[in-house]
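Here subunit A shows up in two complexes: once beside subunit B, once beside subunit C.
== the complex of A and B ==
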């Protein structure tokens, strides 16, 4: 055999192996023991962790002068997180088509559903960090602030992928402890400490309730794995009081994290006391991660016994919308108002979850209600973050977060005023914006069930009434911006945000406008691509 | 006495101890006495773990909770002398709503549990394959170590990251130097 023939044989063998790898990677990679090196799948979180470590070192060696460098490091870490999630999304769709399965003792799953939320959180974090390039209201521990935000993002990243009740608990605690620290960050101000302490104590109590509920679930079905619970729940008599009791306890824990009534009482104080970037973080990220977990628990594990928890959710949704909107009417602080508005917004998402629950255990993840809820969360992130970022600019230039500082805001900054108007109209749900489309798909998915379940008519009616109530306080801010005179003459002095802050305002505001006018289908298809969360396989 | 009776006596002894200890924490008027009472409560919980064949957890409970954490709390009280010698009031304006809510929760839990026949209704033993395999060869403590280091290494690592971040947060909240 000649040398050239040998080389040819070698190359064809390699090529054949590569082709096999390309066509059947799952089998090949499993065969090579790929599952034992599954930390590859953690690269999104590891990139954030490396970012945190580098920030710690830079902070030690370069000191406080290096704050801009620290923000850039954080943005690079978040962007590499985003690239890794894109890569994993490509892997899941190209090779595996059902998600990458369950890993690490079946505690975590890598599926498009989790990757969707991870990508959203990257975008939100980057927008928030862009504002911090010039944010004089946090003077001390600025790099620690960024470290806490990044580590909370790690926690939420892992939380949305959790497929085991215990993993959900651990990751939720991790994220919550970071949030308590962020809420109490202005430790010199009594309000911040009070808000942080309230958040911490009620949070600890609700976590204990959730853990208690998890222990009952384990007693009922003998497993804490979400997909295992689903299979075992099929054979369980659903009207048993213990099932209801355990579900109520788990709602206490998760509902607290997403701030739905009657578990919302921490929200106004924690929001008001926290530094405004931390408030923006608390108002968006734990809610998204909490809803990701809520939908995974209730639409997968407890979907077979949906008739037990659906009435609870209906009551919670109606209560949440009314409490949020009515309490928001009388607020004078922008942050408190946004706290109650955020509570009310979560009520609409709950309607989507209810519709998905009505669709049945196997159709939940492909139902209109599920898509509507995820679409609403996507739009909510942009419009709420946009409003908060402009609120931060207003606080920097106006001195406080009192709503009076918005009086005559357009004299101070026409640019910010215009985009604030867009964000507020989107939060209200006025037609040209994406906020309208989000509410519309929620209502449409609920209307589908009116003929079969008359209670859904009541729910839709309440939601529409609440949308009308919400107009009062959202448009009230717009009225202050354009019609009222500034309180003091120095509040009319022009204020120009720096370039990065303008980017951070433009992106969410334009997203909540453009996604509603031109690209209605694009985010919806993105959401629909992320539907899959019912994959189950034993990696034995 | 049969072994079942002995187990029952053991259980009720430690249950009474735990409840009395927990009551002492919220009722006693001197905060130092409350801490001592909490040690009793945590020790009784360690007794439950022994009863459930979780001897490793029992040891951990005694070493970490009774040993380390309670000593930490005692030191905290020792160093803040303002509250050490004083009798403090353990009730406030919300004592009546608190009692009502706690009683409602207790009654609900009680009736839910007595109306459940755990063994007949729900006894579905669930062991992952690796655990069934391991329990033939190893004892409890070794399985705990194995699962922490191999199967469930992810939450183990996450807990260490959590501790690091809590350390940073603790520095942020407790740091007092004004020149920064």
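== the complex of A and C ==
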């Protein structure tokens, strides 16, 4: 018997013992779960809520010194959320074939699609919190920052699972208000206030537009439930101007959250003003939740009238890519650059959404677009978060977020420089990084339609042009890191991140490297499987 | 656990070197160099195993037509596989890549002063990328290596280059990216197109055999052809896309230039050979004139511009454009001689131009100038260098008995066969090459030794000599006895030539139109069409 076999046997034995130990509490929990299913399924959000409550108490009783404890509480809350989503993922895959159906007055649904996004947000939040162990936030309000992040996560968790337009609206608002507060968090700084205010005013207007659009949808089909709308949309006259009007209004609302052109104008200011951890949060999580909602609304509820909204999306995708990339070319602030590059990245995801829409409701299960968009968001989270976390540490050690502080960054920290390079290459889409695979699946989904829809050729061409434009500014940062000399001598002084920050850098950077070479299949198969249950959920 | 095949070992062995280098202290320069040299020599040794195992008559077991192949599932969700294998075309390019790596390390033994650890790591990494390109038989794997090679090359030029390096490296990366993004889209389209005859696939031999039976629609072929051709033309570089080359070659450090000229450019011509010709034969015939004219412009233009360069390195860079023009002309002549000659010339150019860049780099290391006007009469100061330079230069010109002659002769023979007019014009390129090279040689090595610095130049050092002598020997070997090389190369080019023969329906049309001509029928050779290009143009 070989050594590896021995080790394997040993591990399986240990695992078996653990199973026995664990089985009784698990059985009881499951038993309780069956009886109180509605609460059981809410456990991920409940755990976060408990975390928020505990943090509030700790803040009151232990005061400001307890910041590290607060972070740990938040991490534990997020981790239990993670475990619960994992458990629910297991349940959706094993015991049910249609997800876990609709709950709470058919407002929320538990399906692999929603759980995927919930889980991603947990990972991202934990990474972000790890950096905060040593980040100079305003001392007096540090714990509020954590509370805002957790609350926003609750909102996004519920948002991605919403199966009713009203629930979507409420949860979007809930999340957005947290984001406005995060954006204006540096309340002594004018830029932060300006960014927050701009974000808030335009956000409120777009939410109003969305609500208006929802009212029209209710007027047209007589329901606000996504799955009801899907059925009723099949029998309406799609060319009616009201349908187009409602679609446009809802795009205004959702498009604003994901920051696609022409609803992107808030992004650079809000990004620049907000404290960098908040910027990192705004740059990833609302976009993911927004896309989750966008795809659920447009690819499920409005799939039967895809011909109405597809042209809009094509224009939006092209505009988004060009606006984002061209504006990013001339930026001198890292955060503004990432704001525009983030806009451009969303253009690629839109291509995936367009392809899923082109497939139509009957073919959508075999279409690549839907899961390509999901996969892109998965990789986007890692690479963008990684770049932001390293940018954050550059800001801490370099004094500002001006791109010049990146000059000669490798002298300050070879470790961070290396992983920043990986993240930037991933954002550019150069192999062997996961960013390449993500762009590749988007291209795969789009090229599939070239023969049937010649307009898709244009879209692919635009995407190609934009990948090349993006090389300029992403590689520009790499150029600053390795090829240029530091501006001032103190910028060459070595900077060593603490252990938790190293972890927070390593995880996303290695994920965006390793997912490009190995383990490409597992997430792909998961997101591939998600479509069926998202689309074919039926109302109980 | 899939079996480790020899090709993957050759490709990925430098990675072990990179890792080991990572654990050595930055300041122990000798140690770093020795470790890198050992890693590169082992890689070369492994590739020699590939060479000795290669059998030009073998059929190939795992992938038909390719030897020492390996086929592992990589991303089943998208039907992307890790497929490697080698045939007569890629064998010598792989050998060249692994051969130039120790040459680079030895040849620039004392040239690099700053951050030598990263430098050696980048050299090893770039070799991984390039040799990966030559052995991969899956389109996406090919693309993977094709792009991954950019990153170390970017750093090689950007960190250790000369004054204008950042501009040059930027230009290089953006040019390449622009072409390859289009190629990626074309690859994906081909993937979906292949689903018409079986499961959609990215595997190149599979696609070749499928499209040999079910020809791609000529209209689509044209689009796909250009999708690939632009990416490769930028890499080669073909005439209007060549502007990155002089900058990148001139600004790169010596080893970077050697790799750029020696093997990186071959990725473009190899791409034409691997994708454009066998997959899109109709489009290749259709656009053969376009490419051939561009190639001839490249030959003449490259030679003329090289002649007036004041900078030695720029001169060699422009001579590369001319030489690669010959290769492209050979590729688009579509006959056995020309294709054989083109592959042989790829190897020859890698040896002779690589060595020229190395020699110019050595000269620069001694004198810190590359301007021709700064030299003069240095033959007396550095006799050994002079002899080596003379041999390499003559090889580059194409003197009979040296390697350049064998390749150019085959290409020109093939080109004349396909189109005497093009062949005739291209021949003037040989004369022009002699003019600019010999003129440069006269100004650098002969004449008055009027500058004080030129009297004190140090001759070739031992490691440099160790790097150059094998190249000189290979130049003579290929020049005097190219048969074994051509036998191996021919085994790879024959299937391509076979695929390039006009499709059956074109033949039947030609037959039916010529049916009343009894002499052809009586001859019984009506299916043999000597000038393939003309038939396709009908």
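Everything that follows uses one rule, which is that the second predicted complex is superposed on the first by the 487 of 540 C-alpha atoms of A that agree within 3 Å, B and C clash if a C-alpha of one lies under 4 Å from a C-alpha of the other, contacts with A are read in each partner's own complex, and residues count from 1 in each chain.
Everything that follows uses one rule, which is that a residue touches a chain if its C-beta (ideal position, glycine included) is under 8 Å from a C-beta of that chain, and two chains touch if they have at least 3 such contacts.
Keep in mind that this is a model prediction, so the values were computed, not measured.
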item	value
First, second, both or neither for A:431, with subunit B first and subunit C second	second
Which superposed partner A:490 touches (first subunit B, second subunit C, both, neither)	neither
Partner chain in contact with A:524 - subunit B first, subunit C second, else both or neither	second
First, second, both or neither for A:363, with subunit B first and subunit C second	neither
Between subunit B and subunit C, more extensive residue contact with subunit A	B
Contacts of A:49 with subunit B and subunit C, given as first, second, both or neither	first
Subunit B versus subunit C as contact partner of A:245, first or second or both or neither	first
Contacts on subunit A seen with subunit B and repeated with subunit C across the two complexes	none
Residue numbers on subunit B that touch subunit A, as the complex places them	108-109, 111-113, 115-116, 118, 121-126, 128-129, 147, 151-155, 158-159, 161-162, 165-166, 168-169, 171-173, 175, 180
Subunit A to subunit B touching residues, read off their complex	42, 49, 64, 103-108, 140-141, 144, 147-148, 151, 154-155, 158, 166-167, 170-171, 173-174, 177-178, 181, 184-185, 187, 219-223, 228, 232, 236-237, 240-242, 245, 538, 540
Residue numbers on subunit C that touch subunit A, as the complex places them	74-78, 140, 143-145, 147-148, 150-151, 154-155, 158-159, 165-166, 169-170, 173-174, 177-178, 181-182, 184-185, 188-189, 191-192
Residue ranges of subunit A touching subunit C (in the complex, touch as defined)	425, 430-432, 436-437, 440-441, 443-444, 447-448, 450-451, 460-461, 464, 467-468, 471-472, 475, 478-479, 482-483, 520-521, 524-525, 528
